[in-house]
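Mind having a look at this structure? Questions to follow.
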Amino acid sequence: MTENGTQKIVGLAPNRQHSLYGRDIVSVNQFTRPDLTYIFRVADEMRSLVKRVGATDLLKGYVLGNLFYEPSTRTSSSFIAAMERLGGSVIPIHGVQYSSVSKGESLPDTIRTLECYADVIVLRHPEIGASTVAARYASKPVISAGDGAGEHPTQGLLDLYTIYSELGAVDGLHVAMVGDLKYGRTVHSLARLLRLYDVQLSFVAPDILRLPGEIKEELAAAGRPLHETDKLDEVIAEADVIYVTRVQKERFADLALYEEVKDYYVVTPEIMSRAKERMALMHPLPRVGEIHADVDDDPRAAYFRQMENGMYIRMALLAAVLGKV
Amino acid sequence: MTENGTQKIVGLAPNRQHSLYGRDIVSVNQFTRPDLTYIFRVADEMRSLVKRVGATDLLKGYVLGNLFYEPSTRTSSSFIAAMERLGGSVIPIHGVQYSSVSKGESLPDTIRTLECYADVIVLRHPEIGASTVAARYASKPVISAGDGAGEHPTQGLLDLYTIYSELGAVDGLHVAMVGDLKYGRTVHSLARLLRLYDVQLSFVAPDILRLPGEIKEELAAAGRPLHETDKLDEVIAEADVIYVTRVQKERFADLALYEEVKDYYVVTPEIMSRAKERMALMHPLPRVGEIHADVDDDPRAAYFRQMENGMYIRMALLAAVLGKV
Amino acid sequence: MTENGTQKIVGLAPNRQHSLYGRDIVSVNQFTRPDLTYIFRVADEMRSLVKRVGATDLLKGYVLGNLFYEPSTRTSSSFIAAMERLGGSVIPIHGVQYSSVSKGESLPDTIRTLECYADVIVLRHPEIGASTVAARYASKPVISAGDGAGEHPTQGLLDLYTIYSELGAVDGLHVAMVGDLKYGRTVHSLARLLRLYDVQLSFVAPDILRLPGEIKEELAAAGRPLHETDKLDEVIAEADVIYVTRVQKERFADLALYEEVKDYYVVTPEIMSRAKERMALMHPLPRVGEIHADVDDDPRAAYFRQMENGMYIRMALLAAVLGKV
């Protein structure tokens, strides 16, 4: 099923009332604000449930096919934990590239085989658009866990949910994104989701790693004001959210330039001393030096809670597409 | 325990009435017709159960050791799903070749270690006869998931079950096998199982890929008429089952010969237009061009249902050897 | 939390009465005799439970993060089976070295991410001290599954438990360790645990593979008499426990020396004929010739029961650190 299309038929007696039942999750662009409000409410319930009793039997008897064509321990573990805490089971298919499944078999055939065994499929694939192809052929719901330089919608959702969760709302905030804004897939997904909210956006990056024009145009079309700079200093005191990503040495042809700029994008306790008292410092992780470990105990350091939110968002999505919320 | 020998003792309170309880599944030759009838009846029940409620608690508390010495995502996923839908758990041991278990340790020692943790063992191994060796040393039931060029009994069972399931019976049918009949392990297993039924057999292959003499002799000894040809055309209008396998380029020393014959063994909508109205087109998958994607929507295209049947057959076998049906 | 420190907070309603609740398991040195007596009593209960009904729901809703930075099929399978037989679920993270988690991310960050998803973490790591580092950063309990040439505490516990289980007690026994006593991590762990018991110790090894001075000093400090020899013959008739380890060819610079000594450390039925009638022959496995397969049926051959005990010990530890015993 393509996004926003008709519902897929999933095996067991479902709650047919909500719009995510039987749907695929393949793009952040598929969501409306009511969708997001609904997902966050369910994620809140999942968090409360996990804190209170650890797990539930909501998806008992359901099987998730966790199909990873490239390794992503963080994302795959998060989906596995989400399914298990909902009482369901997992077929873990990692490192597919080494197996006979990938030897010449088409993605549609692999997906149609896997859905003979599973009730829902999570797909990580190195090629842009793979999830959309998979979703088209599958009769069971497909959730993208990232396809190449393309989409990683559940990451976008967990990032947005973390902002909502840390600060109580999204409208009215000043969100600053920092680091590699050109290649950072998570930045693009989050920026696109933020189009739906009344936010002020700042993009802090060295010249060669600025946000792609395409996304700037989408934000402009949505009427979102945006400010670009190469200085974290300019926004540190004003931002409600600082979303840091890694500036990779490999992106620089001129290493002298890298050496010159890299320290501008490293968050230290000193820098945090100039930030607002109530704000959220985020990072999609893994980090390699962009945020000092000394910042970890700062109550505004939200990145590990962000990881945890990933599990609640994925619990919400799994339950929703299977019609069990 | 060797095939057809005495029952193994398995831990929990079992139903001791049926002959598969405590037995190993290592060869298609171990089955009688009553065995097969029984397995298919249980598989029917498993299908009905999955369609109705998705899963059961029949094997709750049981643990499957899924030991794969070579990758086979399709087969391992099918066994994992089968165990999970029965309420049991799985120890997934894939890619053993990279691990210390394989460094010098004998297969019997590995098996005897694994059965300390598991209630039933599924073994995939590159060497012919490995499952039989494993079964001899194990006190818990061993189910072969294929050993090298040798047996792959659960594949044979799911293929036969698909014929039964698609057409309501096996006796009286005309079954045509197409493609690489020389090296195709699944063809050999299915042919051997069909000896037990009153069927007419056609084998369609280029000269260099004909069925081995040994299997032809076994079929003759069982009184099964068989017909060999290199032309699919000869059987397409008569066959109740067309079982297609892949003709691999690598098998041909003379590539000109490969180019000449390859298109004779590709199933297209045009070819299907000449087939019987009620028949089953099967393929063990993966396919790489032997059946056009345009055929997939033909109601006679049974190959994805065949995949699904693999799960029901494996559910039936797991429940049966553990004495829970 | 560091060893013997304050309890960690773990999510669900726990039994707060026992000292292992919320603790890490990172070293054999952290245990007192009452700890060991308690662990063995719980392991006895786990064995009885598995023999009687196969599994329990004690850890239903709990999730184990099984994080293996190097392959160890035996240990990881044992932990998976332990968690599953307790009714819990597992996030299997094997082969981490190939994944993005290991690409530059620090161990503390990986651990703090994983504990967002899991209730308890089992860690296997190639570097000495990694488990202690992980335990310091984690707020959930960490159980070491071996770190490099350092500790492998659950192996030490299962070895000691096997002695207790085979012979009914540990005090008063004569324990002989045989083979590579220099590099054998399991020998070191067991020797350290035996300091707490009134035992007589013999160490049988070729000169170049003798027990390290450091461990001999620890034993002397604890007042344990010890005897060193290079002849198995000297102890075979007296020992209550013979603990055999592998003498690896690679350890010998002088291969002539290897050829000369290797047969002194191979246990055959002939050698067993000179051992006590009531004793236990142990081996941590895998073995590669150190014990003849002909010995396997000897009732004194305890090594496969030793494997099985590993599962009961790990069940006991998982339940204990989560406060559910």
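Per-chain residue numbering starts at 1, and chain names A, B and C are given in the order in which the chains are listed.
In this section, contacts are C-beta pairs under 8 Å (C-beta built on N, C-alpha and C of every residue); 3 or more make two chains touch, one makes a residue touch a chain.
From a predicted model like this one, the values you see are computed outputs, not experimental measurements.
Chain contacts in this assembly form a complete graph, since each chain touches every other chain. Rounded to the nearest 5, the angle that brings the Cα atoms of chain B onto chain C is 120°. Of all residue numbers used where chain A meets chain C, under half belong to both copies. The two sides are thus made of different residues. A straight line joining the Cα centres of chain A and chain C is 40 Å long. Contacts with at least two other chains are made by residues 92, 95 of chain B. By the touch criterion given at the top, residues 50-51, 53-56, 71-74, 77-78, 80-81, 84-85, 92, 95, 285-288, 293, 304, 307-308, 310-311 of chain C touch chain B in their complex.
Residues of chain B touching chain C in their complex: 11-12, 60-63, 65, 89-93, 95-96, 98-101, 103-106, 108-110, 112-114, 116-119.
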